[in-house]
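There's a structure below that I have some questions on.
Each chain carries a letter (A, B, C and D) given by its place in the written order, and its residues are counted from 1.
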Amino acid sequence: MKKLISGLHQFQTSYFSTHHALFEELARGQNPRVLFITCSDSRIDPNLITQAQVGELFVIRNAGNMIPPFGATNGGEGAAVEYAIQALDIEQIIVCGHSNCGAMKGLLKLSKLEEDMPLVYDWLKQAEATRRLIKDNYPDLESSELLELTVAENVLTQIENLRTYPVIHSRLHQGRLHLHAWVYNIESGEVREYDPTRHGFVDPDGFVEASMQGCTLSQSPSVRLLGLEPESASSTDKTMTYNRTSNHDSWLSPEQRQRIYRGSASQ
Amino acid sequence: MKKLISGLHQFQTSYFSTHHALFEELARGQNPRVLFITCSDSRIDPNLITQAQVGELFVIRNAGNMIPPFGATNGGEGAAVEYAIQALDIEQIIVCGHSNCGAMKGLLKLSKLEEDMPLVYDWLKQAEATRRLIKDNYPDLESSELLELTVAENVLTQIENLRTYPVIHSRLHQGRLHLHAWVYNIESGEVREYDPTRHGFVDPDGFVEASMQGCTLSQSPSVRLLGLEPESASSTDKTMTYNRTSNHDSWLSPEQRQRIYRGSASQ
Amino acid sequence: MKKLISGLHQFQTSYFSTHHALFEELARGQNPRVLFITCSDSRIDPNLITQAQVGELFVIRNAGNMIPPFGATNGGEGAAVEYAIQALDIEQIIVCGHSNCGAMKGLLKLSKLEEDMPLVYDWLKQAEATRRLIKDNYPDLESSELLELTVAENVLTQIENLRTYPVIHSRLHQGRLHLHAWVYNIESGEVREYDPTRHGFVDPDGFVEASMQGCTLSQSPSVRLLGLEPESASSTDKTMTYNRTSNHDSWLSPEQRQRIYRGSASQ
Amino acid sequence: MKKLISGLHQFQTSYFSTHHALFEELARGQNPRVLFITCSDSRIDPNLITQAQVGELFVIRNAGNMIPPFGATNGGEGAAVEYAIQALDIEQIIVCGHSNCGAMKGLLKLSKLEEDMPLVYDWLKQAEATRRLIKDNYPDLESSELLELTVAENVLTQIENLRTYPVIHSRLHQGRLHLHAWVYNIESGEVREYDPTRHGFVDPDGFVEASMQGCTLSQSPSVRLLGLEPESASSTDKTMTYNRTSNHDSWLSPEQRQRIYRGSASQ
């Protein structure tokens, strides 16, 4: 605590004193353009990783960056989402999961939590759609890969859940709202965004344009409409990987992207 | 009741006696291939309008053909959905709304119901995503058109809700499940299915192939990927209508389809 | 799906085209006289087995034809019941169970369902009154007979549950509402209705008159008013059975009826 | 979004590249010492105002920095609290409200929200303890001062709520957990912490020592142990104020502190 409290003074004498104008303006009201939903994990600092200034991100943080379906819970998640869209007219929502997530680890051994952490247990049951998908489809994956995949699938689950909220349903209808699925890799410091057209988590630059046009999840059928079959899709992926100099450009392995591909195939 | 009870005997002596083999087989177990979700309305007979034989449709019926998001309610809807997918391995789900729906009429004047029909009121609040979308986007539509549109949007809402169920989320992941949005017009006896590529409710023949490949809702971005803009989209619609001999082929008016188009634009 | 979709056209060209007047009238509104509550099971077609015309039956269907007690759940069941009575002034309610019911099979091995089908598990816990009655009173029944009995007891449980709904409680008080417990036998195509005066499921003809006069479960005290004691009741049963040439006339065996008697005695 | 995405790269090339060692260590696991509960408001950046490094703060953010009492809700708040204490052994919890809070503004005109933002309305009803205290005790305060006070009282309410969580209740009993009530003033960039011995929000330095010895709200009985009576307490306040040269040292006015005193007296 001592360190934090001296930090408060350091903030005063450093950042605050050099940004008076900003804070005076903020004192009049907030006008964030992005709702950033992420995990409570201490290793994530939304403003740091996006280099966003104070006032730019409206932030919801809980264990596992989860937004249960509309009506499923009565916690603060739905209220903050509604406030962000309805009162602040935010048009961009980012759900940002992260590597090595403790909540997702818990989800993979849920039954063990019931006695020790009953509230965590009850909360994680809200991610049953993620748990079930992993359990049904990746029975023999070993744990590190399994966790990586669970983190990735879970942000996709939350995007589906967000779509059930009345205010989001209505704004999507107007084409005024865009949903983004991110995964932040603590070790590499990189963020990957889900690209529904390529069914993989890729460098956000990769489809920022499309994304700007509201190219959100659950668009997989476009693949078929474009005549892409799983094979050609993965070949696309390969090409993509091939054309790139570093596998950092595409966070998930081809196998994983292939799985994610199958995952979103009929969504 | 007398009529029904004599009907029981009539069934015995007519249909049953001529279908012994069928009923003997059914006595051994059911093996339906379709989950049919529709309204309790007496004017809908799923087996009649689809000419499906006994044993072909697993049926959920409630007021307004609604399936609230996963976890939002603890009624029979989720259980029947789970049983259909998990225990019966059903791979086709149809949500079938209908013209002149009393539940949707109620949704449009919800506050009036709170005192007289509190249970109906509470239930319809589960369709807030539909009500909100209509309220925000079609403020000055007159009532008959408004009801028609509410019915259509509501089946799309239910499709979104279905996607939040773990068992559905997982099967969609495998490409083993397909979701269909239907509207049955009592007066014309016709059914229209939502075609996400054309953003309108059209003759099911129109895209049955695509549909067979799991071409379900929320695929609108494919439109952009295909380079279709709202204009070109509506022109597509016009062409479509033009090529057809009867506007019966496309149940919603071009304006309505245009609205529906906007509606699903960024989903 | 292809078969269903061609069925839609077949319906158009056959039934619909020969019943124009009916559908025009129905387009103006519905006026069903019966609320028919049955299972989602594909082998049940309410309009077929009762030979009822479109527009005659307001239908609720879920897994196990269950209506939880008032206030116990917030699903669609209560709303549809309230709408049927309050908005449509329906005066006859039929709860129709059926032989070989998968939901009732599940109820008999409930614990096995918790992991695989959590939603089905939670839903069937709403039939605990049935499960407990069976468990306490028929410990050593073998399974086929046990299932048959569970199906029968469960419709009686649902009748009790219906009586807890305010709108039903009030209409019963006025003698304006009648509740009927049916069991449909898929193999024989027969329906049996519970006769509270004889404490057995019998041919509906058997007491349709009485039933018409409101002598339904809602008047079960009449049994006592008639001075029937278990002994006399069972002797009645014996006579009754003696007089009958076919056990078809009374679907349950004397022992079963005797059990049902004990089963419902405490209700 | 474009700005954020370029920010991701800027983060890579700047902060991340200069802190490799830190991120490598963090990749192995998190070990935060503080649970920081604050508002979703975009103008708050916990790491910035405390100058805390990545990995130091486990963060919960929702509308109004609220943690409903144990059992009152089933959202993510309780789970994140339980995880922080049980799994991460965190011993310091800070609830940090802030000036000009939109959620608290909403709380002061709650009824107005019911139709427009039903989820926000339901959520804020969880702060009824704050609303009621303000309504009963400060009926004739004008709005700006009222909002300032509501913000301050609300963090005290949340501290009380935290004490109802089993894991917190138990750790407090062991003296292993300390609860801190902060208010961050956006305009001045200052933070004030509630000092239970002086019944006011003061410069955290003021009692950091005491706080280090566990003399926080969680030990409020210590107040009595120190022989402080309301009178002496308020006289303390007067002296304290007298001795001070700048009202910066004590964010709330003597009247306000006096009110806060009365406000928290019953806690």
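Rule of thumb we're sticking to: contacts are C-beta pairs under 8 Å (C-beta built on N, C-alpha and C of every residue); 3 or more make two chains touch, one makes a residue touch a chain.
All of these numbers come straight from a predicted model, not from anything done at the bench.
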{"item": "Given subunit A and subunit B, the chains that contact each of them", "value": "none"}
{"item": "Interface sides of subunit A and subunit D: same vs different residues, half threshold", "value": "same"}
{"item": "Longest centre-to-centre distance from subunit A, chain (CA-based)", "value": "C"}
{"item": "Rounded Å distance between subunit A and subunit D, as computed from the means of their C-alpha atoms", "value": "27"}
{"item": "Between subunit C and subunit A, distance of the C-alpha-averaged centres to the nearest whole Å", "value": "48"}
{"item": "Whole-Å separation of chain centres (CA-atom averages), subunit C against subunit D", "value": "57"}
{"item": "Sites on subunit A at which at least two other chains make contact", "value": "68, 73, 128, 165, 178"}
{"item": "Category of the chain touch graph - line, ring, star, complete, other", "value": "line"}
{"item": "Chain pairs that touch, as defined at the top of this document", "value": "A-B, A-D, B-C"}
{"item": "Subunit D-facing residues of subunit A, complex", "value": "1-5, 7-8, 10-12, 14-16, 23-24, 26-27, 29-32, 34, 40-45, 47-52, 54-64, 66, 68, 73-84, 86-87, 92, 94, 99-100, 102-103, 116-120, 122-124, 165, 178, 180, 186-187, 189-191, 204-205, 208, 211-212"}
{"item": "Touch list for subunit B against partner subunit A, complex", "value": "68-73, 126, 128-133, 135-137, 157, 160-161, 163-167, 169-170, 172-178, 196-197, 210, 213-216, 218-222, 224-226, 262-267"}
